[in-house]
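Every chain is named by a letter (A, B, C, D and E) in the order it is written, and numbering of its residues begins at 1.
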Amino acid sequence: MTHKDSQLFEIKKWRKHGRVGEAPGSIIISQDALKPKIVIFSYTKTDLKEEQSDDIDLVLDYAKQYPQYKHWVQVQGIGDEELVKKIGSGLSVNALVLEDITDATQRAKYDEYDCFILSISRLLIHNEQNQIVNSQFSVLVKDNLLISFQETYDEPFAGLKNRLRTSKGIIREEGTGYLMYALMDTIFDRYFALLDQLEDSLEQCEDNINRKPRRQNMFDTQRIKHLLIMMQRAVGPERDKMNEILRSDNPLFSARDKIYFRDAYDHCIDIIETITSFKELSTNLTEIYLSTVNNQMNDVMKILTIISSIFIPLTFIAGVYGMNFAWQDPVTGKLMPHNMPELHNPHGYVYALVAMAVIAVMQLVIFWKNGWFDKMK
Amino acid sequence: MTHKDSQLFEIKKWRKHGRVGEAPGSIIISQDALKPKIVIFSYTKTDLKEEQSDDIDLVLDYAKQYPQYKHWVQVQGIGDEELVKKIGSGLSVNALVLEDITDATQRAKYDEYDCFILSISRLLIHNEQNQIVNSQFSVLVKDNLLISFQETYDEPFAGLKNRLRTSKGIIREEGTGYLMYALMDTIFDRYFALLDQLEDSLEQCEDNINRKPRRQNMFDTQRIKHLLIMMQRAVGPERDKMNEILRSDNPLFSARDKIYFRDAYDHCIDIIETITSFKELSTNLTEIYLSTVNNQMNDVMKILTIISSIFIPLTFIAGVYGMNFAWQDPVTGKLMPHNMPELHNPHGYVYALVAMAVIAVMQLVIFWKNGWFDKMK
Amino acid sequence: MTHKDSQLFEIKKWRKHGRVGEAPGSIIISQDALKPKIVIFSYTKTDLKEEQSDDIDLVLDYAKQYPQYKHWVQVQGIGDEELVKKIGSGLSVNALVLEDITDATQRAKYDEYDCFILSISRLLIHNEQNQIVNSQFSVLVKDNLLISFQETYDEPFAGLKNRLRTSKGIIREEGTGYLMYALMDTIFDRYFALLDQLEDSLEQCEDNINRKPRRQNMFDTQRIKHLLIMMQRAVGPERDKMNEILRSDNPLFSARDKIYFRDAYDHCIDIIETITSFKELSTNLTEIYLSTVNNQMNDVMKILTIISSIFIPLTFIAGVYGMNFAWQDPVTGKLMPHNMPELHNPHGYVYALVAMAVIAVMQLVIFWKNGWFDKMK
Amino acid sequence: MTHKDSQLFEIKKWRKHGRVGEAPGSIIISQDALKPKIVIFSYTKTDLKEEQSDDIDLVLDYAKQYPQYKHWVQVQGIGDEELVKKIGSGLSVNALVLEDITDATQRAKYDEYDCFILSISRLLIHNEQNQIVNSQFSVLVKDNLLISFQETYDEPFAGLKNRLRTSKGIIREEGTGYLMYALMDTIFDRYFALLDQLEDSLEQCEDNINRKPRRQNMFDTQRIKHLLIMMQRAVGPERDKMNEILRSDNPLFSARDKIYFRDAYDHCIDIIETITSFKELSTNLTEIYLSTVNNQMNDVMKILTIISSIFIPLTFIAGVYGMNFAWQDPVTGKLMPHNMPELHNPHGYVYALVAMAVIAVMQLVIFWKNGWFDKMK
Amino acid sequence: MTHKDSQLFEIKKWRKHGRVGEAPGSIIISQDALKPKIVIFSYTKTDLKEEQSDDIDLVLDYAKQYPQYKHWVQVQGIGDEELVKKIGSGLSVNALVLEDITDATQRAKYDEYDCFILSISRLLIHNEQNQIVNSQFSVLVKDNLLISFQETYDEPFAGLKNRLRTSKGIIREEGTGYLMYALMDTIFDRYFALLDQLEDSLEQCEDNINRKPRRQNMFDTQRIKHLLIMMQRAVGPERDKMNEILRSDNPLFSARDKIYFRDAYDHCIDIIETITSFKELSTNLTEIYLSTVNNQMNDVMKILTIISSIFIPLTFIAGVYGMNFAWQDPVTGKLMPHNMPELHNPHGYVYALVAMAVIAVMQLVIFWKNGWFDKMK
């Protein structure tokens, strides 16, 4: 899907499922998967520690040692089977969950297990190569520990981290339930940002199509629609997810957290409805484009028809008087007065020119009366 | 989206969300936001006071001092962070709600909190620059105090204020629940008015397309559809909102108020269904337009084909008799009787003209039999 | 929406809402509203009185005096504010209901109040000016009194009145609940009659388009679709209404009445489904029409291409032999044998004609092989 | 809807409702209705009697005399008001039900009354005149008596009767509930058979359109869609009907019968989904057809453009050298060397021909580079 | 549906129902049905036996003898009525179920009976002849015995069998409920694999259409859509099926199994949503294709119009000066100075050429100003 001729983003391919018949719960690491980088944020209302680490065991131990802290372990890159398995055994997470985390093509979902929570989202990142990358963002929550997994090294949570560091808002006061909300909310903000960008692109397309439609505008419109279809598939399941969280009685989510999740739910609905209306708008644009092309063709046809209709009869008349019918038998010399007597009329040429002019003017009048000229404006 | 060549309204851009990763509950005032103007209406069944004020603290105190009055504080313009925060602390409203009020891109919603109610609507205003502006209208209700926030200085509630002043209807008898209904009802009336206007525009388009379709009609139709899509997004959530109010057991809404809200709910459904059918009608119009353009092209093609088909063969014949094949070898003087003997026939010219006429008439008859002429009517 | 060139019905404009900000419950009489005519039918199983009256007070008193009778007060024309107000106070109906009855743009609905029932329907009348008029039909039921309001003097209930007069069916045995059903049923019968008519029109269009498509057929199809969209909006809410009546435990509706309402409910669903399928059929027709126009254009193009392709090369050959390259230098008299020797060949003309014929035949064969001729059938 | 030029079935018109305002429960026999033929099957597990009769009273008496038998009375043709009324009084069936049975335009439905069951289905028969006839099939069940009414003399139940006669399957063991199922199942089988036929027709159309699209293929595709729309309207309500039977606790339906009805329900869903997907397929076909016609037009245009573009400039050159500018003033004899000196160049003709050839080849190369020739394959 | 010219898969025809009126529960073996091959896997956590057999009685006996084992009987080919009947009597399965298993056109479904479970799925196999075959896969589960029936000898379960043999995953620990899940999961994996393939095909089509649209791309796109419609019909009912299993309290499904089925349910939803979005994408592609063809036609038209518009007037001028109006009466010798004096102007030819050049340049400038040349890029 490489449209190098366009300024618009490129949509990077998403889905590539595992082998058919693989055992459920098998952890299959894609060859393209990046090596994990681990950052840990441990915080209370008054204290914050931020560290990088390579050893997940140390990290998990650390979390156990400081139960009074809340810990956010951010894993960027999921290309290490060992790490995933260690987390699995450290948190007693079953194999199906680990498979879901490493198979980066999962649909967004929310599952509550006995002792932990799994939440998967699609994270759409517009990277520096102007590509839209549909990556997976998974979150495991167990008590005061939240582990987030993302496929790429992009940092979508810079703002959130700043809030943690500066203790802005209530994030350091609340538990991991609120942290999970804050991550979700950031992801939704990204969707909104992408939609804002798409709205600009749609308006750009509309402007161009209204002013001077080019084939590229059509391709751009369809690419936007393509992305909208993809977004719809990515964000659609988030609604159910939010609903499940809202109805959950898991103690991780305080009543205060629920108010925030309710807000996130509203945002989610807003995103879905916005996608729907943008899809309608892009269908609209396609109709405008097609009708404009049709109109252009109509105008081109009219020009062709006007010029042809005017000159073809005139050319015919000129052709007639270019015929060589003889006025005299070349052998006998007998006069043949019926052969093209006009040619020997002293004003034959003038009459012919006048006749041509009359025909041309008559046609112009007819076309003008039919409104062919004022439509070309 | 500037279509300066059209008489139709222009749709002003709506959505522009905040920064990604901002803390939930942050109050972000857009730079374009207008400075607030405050008007307060305090009324009982028998008394009414109407005042302008700049100091929200005074206003809130005033409301507390006169609990037997109902107070409507109308805030026009939301460009003052201080004011919003004062209201927040004065009414103990949480930060998320204040963010919703100042972020003017919220979806319509209704939230009941412990001690107050938040209601957000989209207010579509057709302003004097012939623009459709999608602004936000928020309402906070706490006991006998209702604060309404709107983005612009437009006055959509002139009629409502008159009813307050003249004590027309039951508005002064009922509480803030009814006042909230009256505000909603006015907003819905605006939707109806806009729909009436759109219906007129659609009919105008249909008339034009039926009489003499122009490219502009197509653009207008699509712009109307664009607005309908936007309206659908704006008014769609109102249905859920009305439903929640109807099912609410909040003491602010008396049984008598509920009858009125039930009426507003019916209006809301009516608006949604009308939008849906108008969208269908505009799709209809697009189809008619496209088929008409196709028909026109067909007619243009027919004219071109008739004229070309008739004259091209005739021109060919004239061309043949314009050829210079010699009747006599120029060097030897030998006669070459096979070379264009027609030219030396005494009636060759007449025969040629007759042949041309016959061909032309035959073609005309064929075209006439195929109904090409009666279709052009 | 005046398509004077068509035989089809014309759709009269429907919606025109009141002023924005008017107090809910204000009775606004449109200036076009007709003066009311009042007819009262009072009947028991054995007795029937039918009277015209101008004084609604008398009528209401009469109904109170004869409680053993059932009374149907038919009000035709709603252009008298006094009358509506008198009914309002006579039956203790609140203002909102009176507003709904006089504002003739209400959506169909059914509301049960403490002591009376309000039912509003849309009544589609195909009048003698070949217009489809979307008028409002409201019914107030209180115990043994039913008052019906309609906007126009058309008489849609002639059959029903005859059944009352002749005591045909069970109408005189049952109460006002059944009378309300009978009115609804008549309205549904009108929808069916209109649908029958539309089906005929659709078939007429389909026949025409299949035989000889004209632009008018397209316009007619779209007008039918327009009406179907309008009907859908009018009849859609009737389903909910029927449902509410069926679930109602109001003593006005006996178990036997409910069987009849169940039947009306089925009719209502049938109407809605029929409208849906007719809309699909008219979309179908539009597709056929467009494809036919495309086909015609294709055929026209083929004719043009065949004639042009055949004669343009021939004309070129004729043109070549019409060139005046000299066989002899006019000054020196030197022979120039390379200049158009064909012209001096004794059979040059014949050869040229044969070459032309060969080219023409070859092209015809190519076109024939490509099936251009058998497609024109 | 007579498309005599097609081999495809013809759709016979269906709907024709009664007069507006007729009393509910009026039995209106259409003038086209056939005179009834009555067959009665009386059977137990071990015994079967099959008789024809003209006297419905005798038949009803017979059913009462032999309560240990199950009786299936098949009435073919509903054109006898007397017969219907006798059945009505014989089984104490109310008038509304009798109206439903005789008004052959009813929507499929299932109603349970105190002492009997009414089931109505649409029966689509592909008759020998290649017409699809949408007729009504009604069933009345009361204890051990089942009366079926069908509009035409077609015999859709030959297989079922054979199973009765040969005691194949469990039909003779079960009661009238199972018999009703067996009738329904046969009707559903007919839908499946029709869908199989439509699938064949759709494939035929697709094959034709892929190989050599003709206008008729388009009409056929649309006629299939027309029938699918009609079928959807006919079979859609059967789902609700099946659902109602499954949830019914009527003793007529044994637990074993319910298993069979559950199967019929699955078939019903299958039919509805198949219709939906066939409708999508026919929309698909329409798109293919339209794109093919567009492609053809494109090819035709290319041929015209290639030939015109090549020969028109050449013809112009030939025209130039056919001009008669004099090389010598005819009166003074003065040489005019600027007038067309090419004509007196010894190789002027050859140069002109070469120039023409170069122009033609250049154009061919350009068209070839633009891929115009390989697209025509 | 043979598109031999395409590289894309071919869709093999699916549906062919039995005869109308056949007794429910009749086992009808299609003539094409393959003779059954039977494989039995008997396993406990520690042991596995795998055998081929021809005698179903032996197999069923074997299953009874070893109740501590779980038995999976894989029947490939359903063309043996005896075998089916033996299984029916061996497991006391009723006739309707046996009919469902042998009639290979069943919709996916899940039915719980007293002592066994029936599950039917559609299995889409992309075979080596590049055909998509829609075959039926049925599963009967009774206690520790699971019998699977498939129509063809294809082996979709190779991976699953390996897991059984190597005891990979938990398959040997769990019961037949889990085995049923594993079969379903494999079928869903096949759907995912097919969707991956379709996504590649769609991207290939999109690339081609963007680069150089060919008619075949359109056909391919539509064929993909055809398959998607078929897949939707096949996989749609699986959702209900999964739901029924999840809500089932059948002891065959342990709590642990339910977690896996929940995962399969998510996959099922994912498949359905992916099909929906792929259908939208293919509609998108069709629009791009059509607009591209329209654009091409527009360009072709422009070339024709440019060349015609430039040369037709020039040819006319050349024609005029090719006319033979005489400058001298051939008989009287009188000069006729009004007849084409230009021809005798010493620079007439040069003037004429200049005039032609001016006209041509003017037209080119007009076309260039209208942007006709930069659109052709």
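To be clear about the criterion, a residue touches a chain if its C-beta (ideal position, glycine included) is under 8 Å from a C-beta of that chain, and two chains touch if they have at least 3 such contacts.
Computed from a predicted model, the values in this text were never measured in an experiment.
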Steps needed, at minimum, to get from chain A to chain E via touching chains? 1
Could you report, rounded to a multiple of 5°, the rotation needed to superpose chain B's C-alpha atoms on chain D? 145
Quick one: report the Å distance separating chain C from chain E, using the average Cα coordinate of each chain. 39
Rounded to a whole Å, what is the gap between the Cα centroids of chain B and chain C? 24
Touching at least two other chains at once: which residues of chain B meet that condition? 290, 294, 297, 301, 304, 308, 312, 315, 319, 322-324, 340
Considering the complex alone, what residue numbers of chain D touch chain E? 156-160, 162-163, 168-171, 181-182, 185-186, 189-190, 192-193, 195-196, 199, 203, 206-207, 210, 259-260, 262-263, 266, 269-270, 273-274, 277, 280-281, 284, 287-288, 290-292, 294-295, 297-298, 301-302, 304-305, 308-309, 312-313, 315-316, 319-320, 322-326, 329-331, 334, 336, 338-340, 371, 375
How about chain A: which of its residues touch chain E in the complex? 1-3, 13, 15-26, 94-96, 100, 107, 109, 111, 212, 214-215, 218-219, 222, 225-226, 229-230, 232-233, 236-237, 286, 289-290, 293-294, 296-297, 300-301, 303-304, 307-308, 311-312, 314-315, 318-319, 321-324, 327-328, 335, 340, 342-350, 352-353
